[in-house]
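Note that the chains are named A, B, C and D in the order they appear, and that numbering of residues resets to 1 at the start of each chain.
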Amino acid sequence: MSSTLVEFRNLKTYFYTEAGVVQAVNDVSFSIRAGETVCIVGESGCGKSITAMSLMRLIASPPGKIVGGEILFEGRDLLKIKESEMRMIRGNEIAMIFQEPMTSLNPVLTVGDQIMEPLIEHTLLSKSEARKKAIQLIEQVGIPRADQIIDSYPHELSGGMRQRIMIAISLSCDPKLLIADEPTTALDVTIQAQILDLLRQLKKDRNMSLMLITHDLGVVAEMADYVVVMYAGKVIEEGPVKEIFKNPRHPYTKGLLLAKPVIGQRKERLFTIPGQVPNPIGLGENCHYSDRCEHAMDICRASQPALQKDGADSKVACWLYEGEGAK
Amino acid sequence: MKQLLIRRLIQSIPTLIGASILVFLVFTLAPGDFVTQMSADANMTQERLDEIRALHGLDQPLYKQYLTWMGNLLTGNFGESVLHRQPVTSVINTFMWNSFLIAIIVLVLQWIIASIVGIMAALRQYSIYDSAVTLIVFMAMSFPSFFLGLLMLKFFAVDYQIFPLGGMRSTGSTLTGWADFWDVMKHLALPVIVLTLLNIGSLTRYFRTNMLEVIRQDYVRTARAKGLKERVVIFKHALRNALLPLITLFALEIPGLFSGAIITERIFNWPGIGRVVLDGIFQRDYPLLMGFTMLLVVLTIVANILADLMYGVADPRVRNR
Amino acid sequence: MKKRSFSLFLCSLLTGALLLSACTQPAAQPTEQNQQQPNQSEQNQQEQTKAGEKKELGYIKATDPSKVPDSAKQRTDTMVLGITDPQGIFNYWFYNTVYDRYVIEAVTERLLSVAKDATVIPGLAEKWEISDDGLTYTFHIDKRAKFSDGKPVTAEDVAFAYHVLLDPKYDGRSNLSKAKIKGEDAYKNGNATSLEGVKVIDPQTIQVQVEEANATTLLLLGTEIFVLPKHYYGKDFAKGNLEYIKSLHQKPMGSGPYILKEFIPGQEVRLVANENYWKGAPKVKNLIFKSTTAETQIQSLKTGATDFDASISVNADNVEALKELGFVDLDMLLNNGYGYIAINHKLPKFQDKRVRQALMYGLNREEVVYAYSQGYAEVIDVPQSKLSWGYPDESKLTKYSYDPEKAKQLLDEAGWKLESDGYRYKDGQKFTIQFSASTPNEVNDALIPIAVENYKELGIEFIAEQLEFNAVIDKRNKGEHEMAFLAVGLSTDPDPYGLFHSKGGSNKDAYSNPKVDELLEAGLKEFDQAKRKAIYQEAYEIINDDIPVLFMYQRYNLNTISSRLSGFVISPYKYFSESLNEVQIN
Amino acid sequence: MSHNIADVQVELKAKKIKPDSPWRSAFRRLFKNKMALAGMIVLTLMFLFSFIGPYFSSHLDAKISVRNANLPPNETHWLGTDKLGRDVLLRTMEAGRVSLLVGIVAASIIVLVGGTLGAIAGYYGRFVDSVIMRLADILYAIPTLPILVALGAILSDLKFPPDKRIYLVMFIVGMIAWMSLSRLVRSQVLSLKEQEFMLANEVLGLRDRRKIFRHLLPNTVPIIIVAATLGVANSILLESTLSFLGLGVVPPTPSWGQMISAANNMIDFQNRPWLWVPPGVCILLTVVSINFIGDGLRDAFDPKQKR
């Protein structure tokens, strides 16, 4: 087992808004091993993007604030180091790509300019060397005529090509970890497959770890080595991808998997999980899934289940498996 | 880019003609002419007044007057200012550059201060600094110009005599070179302060509004994710996009550089073109007024073409249209 | 909020937001603008002088000459005179504003001049004769007279002046055609190359023949003629070509006490003494005319920037402030002109004399004049200056002091019946007056509110409209006005032909009274001053009774002189700038 | 395990979650902005002061009396008297009516004309765009003063009732001041046209008018609001400058600008502050509060605004 690259320990990130305190990320712990692809899965609003942004320390304060926990990157707690040191890590050792390629690139600067920036900033390459490296990167992400593309503007490229440019930008300084926040959600399926293949290929070539945030179980199945399922700001289950898909433990994970259409099984109605994601403001001490879970017991509505080891490399946070009534 | 320029130049010809007709009508519609002034004289007779009007061709039908005037204009002859009894071009030349001197200093000061103050206010939105800046900016904008002028004159020139009482140079000064330069600077300090204070408000708010818009964009977050210095993120990525709509505002300032500030020049006794034009309006000095307004029309058209060109340079999305 | 169009909603939201009341505790109330309380000199404000009580006239000496500011004392060989911004046309033939005239009179001189009491005195011409039939005028030029470049003033230069003023292309303010010089028509419209009536007898004498003469002809041929050097201005001069003369407006040359050194437009005019001035070199070496504005005139004197100012408007505030300076003499004199309200006699409602008299009695003119000038102007009942020899004997005039009852009685007599709504009607028409007020104008600001109130009491609706100055004059010249306030300047001669004769040049009110016409024509033909005075006495009595226009006031004029200067000769008929060579720094 | 649709609907209704229209949330946000709140209070006071205040004054029918001209503030005249002996407090109140109405009339015209023309020019482009923009060029270059002088004369020939004339003057002022707003809206529309949501509208085949007024204009709301507030503020100031040059309101109807310009010589400025301080403070408070409200509206209205 390769060494742990990133370890989240009881991370708490709250947002202080007019309507009250939103506990977006509430006591989250998990780790990412070097060279491994960890997928963070959950409905929108469960805190998966906030977790990533907390890792990058890009939470806008006000109104957001990281109130507790640690994020260890190669043993260093990123929450304690000075902003200037953090800035050296961003884009250099940890890189990030976003969901919306159409608006993630600066419309008034050439694509090449935006690729060269991190190079010039972090690797102190000269302009001409940076330009050569940028052309290499554009070719690596699979875009033809790289030498022309480098001088073109974002609005002249398609959505897929822009996402490739984003990837080129993120890989410019050979980061150890690449965070991809729903990289393919905004793209159509064919492009989505190409981008995922590209990411898998690049991860293998560079032995880079990948933290992939998505709500699409298809992507998880295809890419993930390890899966972390989040719900209402908490991790409710994690484990190797085969375990999670073959033997889901937490009722919410089961619900998610059932909701996925399976080829060959014709059904007149897809399964839906009743109820809605709870309002993030004023979450009680109960298991947040209790009011939607059919196995909900009194204990569930009273207190929160802790995240317990459950099998070789999996964990689950549910009173069903709390040793009490293990079915 | 060149193609856009040519198209706009061709378009400007009908505009110029349209403008010249409108300018001509606006002034001839204003009742009375400079001869009316003379009629107040005791020994003037009606025949004499008609003679003078005939000499200046004011008795011709309107369209004829317009054609003669336009004819001269095209040959560069702006006609003779009736008030100063000198060619219009020389009157404009003597006074316009004094107005230009103040206007250019105010423009530079105004844009520097407004950009810094506006951006800082946007970065620290809803902070004390932001509301303090907003309050001061609104206060400065809320004074009528002559009110602020008199207030400044009272404090700085009369009570504490830090600055001179108006005018452009000390009386009878025979200074040259740097000494003369500082003398003029001392004299233009108050008008510059007044004009900067008056104009700074709206520009600061435009900077703040645009900056607020741009800061929330995704590409600014991407820039930060790249680990660029905050300074680079704000001034390279954010500011360039925030400046786009303001380019048009900057271009619109160009004609203002030459038109002079009527009220401020009057209060500070500054020999600018604004004051001369004001007298021209009240004494119906048509040649001067029409000549000067046409100059402003040309300047405005040039400024707008410049604005669109600069917009094209700044915003690639619009460039190749 | 069902309706969805944004822009309409925006406006309603803006007004809606304005009318909201209850809301939470406001955090930062915009700070009250704290006005620094200036020094209160209120004590003398309390004892208000009663309206109409006379203010002191004549020369008020400075109370404490020692308080002259040092910056002024340092100017041992220079005097700075504050005037409103001249336009730079330093040529009497073409000038527009009186401020240019001040500079003109420092550099050039006229053929004949005028004494303090308006009698004609020698100028460049030492003596002059008029033929018995009054048609031929001979002027003898003073041998000593020289231009500033040393060349003597000759009859040729005087002839040059006459020819320019009657040139077909001449468009200046002087109106020499009123003198009816012989051959004027042939020269102006025909192809004559010179004026038949102008003969240069010898370098010192020139003779002018006129077709028709009257009492003002001598003034037109003498005091209105400024003599300029033909050798300087007349280069390639020919009939119809005045361009070269026009190019010298800012570089004048004349026989006056000062030579123009430099003109800085909008700033100042710098002159230096003409050492070989033919009446003796002026006592002050450097003269500067500095442009001042209404807002800063008094402060310029206070800080020593100027030693003199000719255009400070006369009101209690300014006079009090000037007295506070202590080191300034105030030369207060009656302005040679008067303010009046023109009435359009074309309109039937104004054609009845009793109505016009009622308008005089019904308006509290003392209050209007006092509100405007705080006592520095006098109400008049006849259109002539009190200082002129032509001023009629006041005992024979009716004094229209404020008497609303008499005014109402006159209106009743004239058939204007008072109706229930408080207004008067005659054959179905309400009595309304549309008053065209030129702006900005301090008199109108005072007159309108008071007139509205006074005339409402009489049953007349007084509606004021605000128009720019030229618009008022243009409206009046076309006879489209009903009522308008105007001021007019008087000449040295008391003849009021222009305004009150039915064929008068500036009589745009269609006023015509055959008796007045007859008297005014006789007054002009008569040469003997005593006889003319009797004629004008009768004429003014009729005018005083006939009320062609509502007479308002004759205001004071103020020349403010620092006590470090002396020697100015000023009167309503003589500008300060004609006696600059006698001024000295004490 | 299967849940049918009906239960889900029931559950939703049970919670009675009201859909939050953008206006209501904008209003709520506006109230939270303290500065805007202060602005609204002051402006409401100004309106009450101007429109209701006069009825409480005891000098309503006071005659002009030169006797007590220029009296400093005393117990009968809380703010002293002006050059013609009229009570300054009463005049300031009545002046408020004119100045406020004048400001709003001009500003609404600037917003309506400028916003619409700017959007149309930006949206249609090419021919329409160049015509509107060239018209803007010409109007922008013509100095406003001569137009107002000419207008004054024409109105007098048409026997237009003098006291209504200031509103027509302000209408004209509005008609020649919309250019800078239209230019800003145009540039905003130009860049907005590039964004996807406009392409989406294209796909839906919406009529042009709907696209402009329902989609483009709302996105220019921040700029329009800033221009509207500046419009009101500048119009009040412009009215005072017009009065300074003698082209403003006809006496005896007062306006703040006219009262200030009455005290434009140094002596009144120094010795009689009660002549110009009240109108000056009124203009200041009104303009500042309008600007705060505008700013608050801009923040509240901005759909992308995350607080």
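Just so it is clear, a contact is a pair of C-beta atoms (placed from the backbone, for glycine too) under 8 Å apart; a residue touches a chain by one contact, two chains touch by 3 or more.
All values reported here derive from a predicted model rather than from experimental measurement.
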| item | value |
| --- | --- |
| Chain closest to the assembly centre - both centres taken as Cα means | B |
| Rounded Å distance between chain C and chain D, as computed from the means of their C-alpha atoms | 43 |
| Gap in Å, rounded to a whole number, between the CA centres of chain D and chain B | 23 |
| Distance between the centres, which are taken as Cα means, of chain B and chain A, whole angstrom | 55 |
| CA centroid of chain A to CA centroid of chain D, Å | 49 |
| Two or more partner chains touched - positions in chain D | 35, 149, 153, 194, 244-245, 261, 264, 266, 269-270, 280, 284, 288, 292, 306 |
| Multi-chain contact sites of chain B, meaning residues that touch two or more partners | 30-31, 131, 135, 138-139, 150, 153-154, 158, 244, 315, 317 |
| Set of chain C residues in contact with two or more other chains | 28, 30, 33, 38, 295-296, 299, 468, 471, 474-475 |
| Chains grouped in pairs wherever the two touch, ordered by label | A-B, A-D, B-C, B-D, C-D |
| Chain B partner contacts - residues on chain C that touch it in the complex | 28, 30-31, 33, 38, 78, 80, 85, 87-89, 94, 96, 169, 171, 173, 175, 177-178, 220, 246, 249-250, 264-268, 270, 286, 288, 290-293, 295-296, 299-300, 302-303, 305-306, 468-471, 473-475, 477, 486, 488-491, 498-499, 505-506 |
| List of chain D residues in touch with chain A within their complex | 1-3, 7-8, 11, 32, 194, 196, 306-307 |
| Complex contacts: residues of chain C adjacent to chain D | 1, 4-7, 9-11, 13-15, 17-21, 23-24, 26-30, 32-33, 35, 37-42, 45, 48, 51, 294-296, 298-299, 317-318, 321, 367, 370-371, 434, 436-437, 439-441, 444-446, 448-450, 452-453, 463-468, 471, 474-475, 480 |
| Residue ranges of chain D in contact with chain C within the complex | 21, 23-24, 30-31, 34-35, 37-44, 47, 63-64, 66-72, 83-84, 86, 104, 108, 111-112, 115-116, 149, 152-153, 155-157, 159, 161-162, 165, 213-214, 217-218, 221, 224-225, 228, 244-247, 250-252, 261-262, 264-271, 273, 277, 280-281, 284-285, 288-289, 292-293, 297 |
| Touch list for chain B against partner chain C, complex | 30-33, 36-48, 52, 55-56, 83-86, 94-95, 98, 131, 135, 138-139, 150, 153-154, 157-158, 161, 164-169, 171-172, 266-267, 269-272, 275-276, 282-284 |
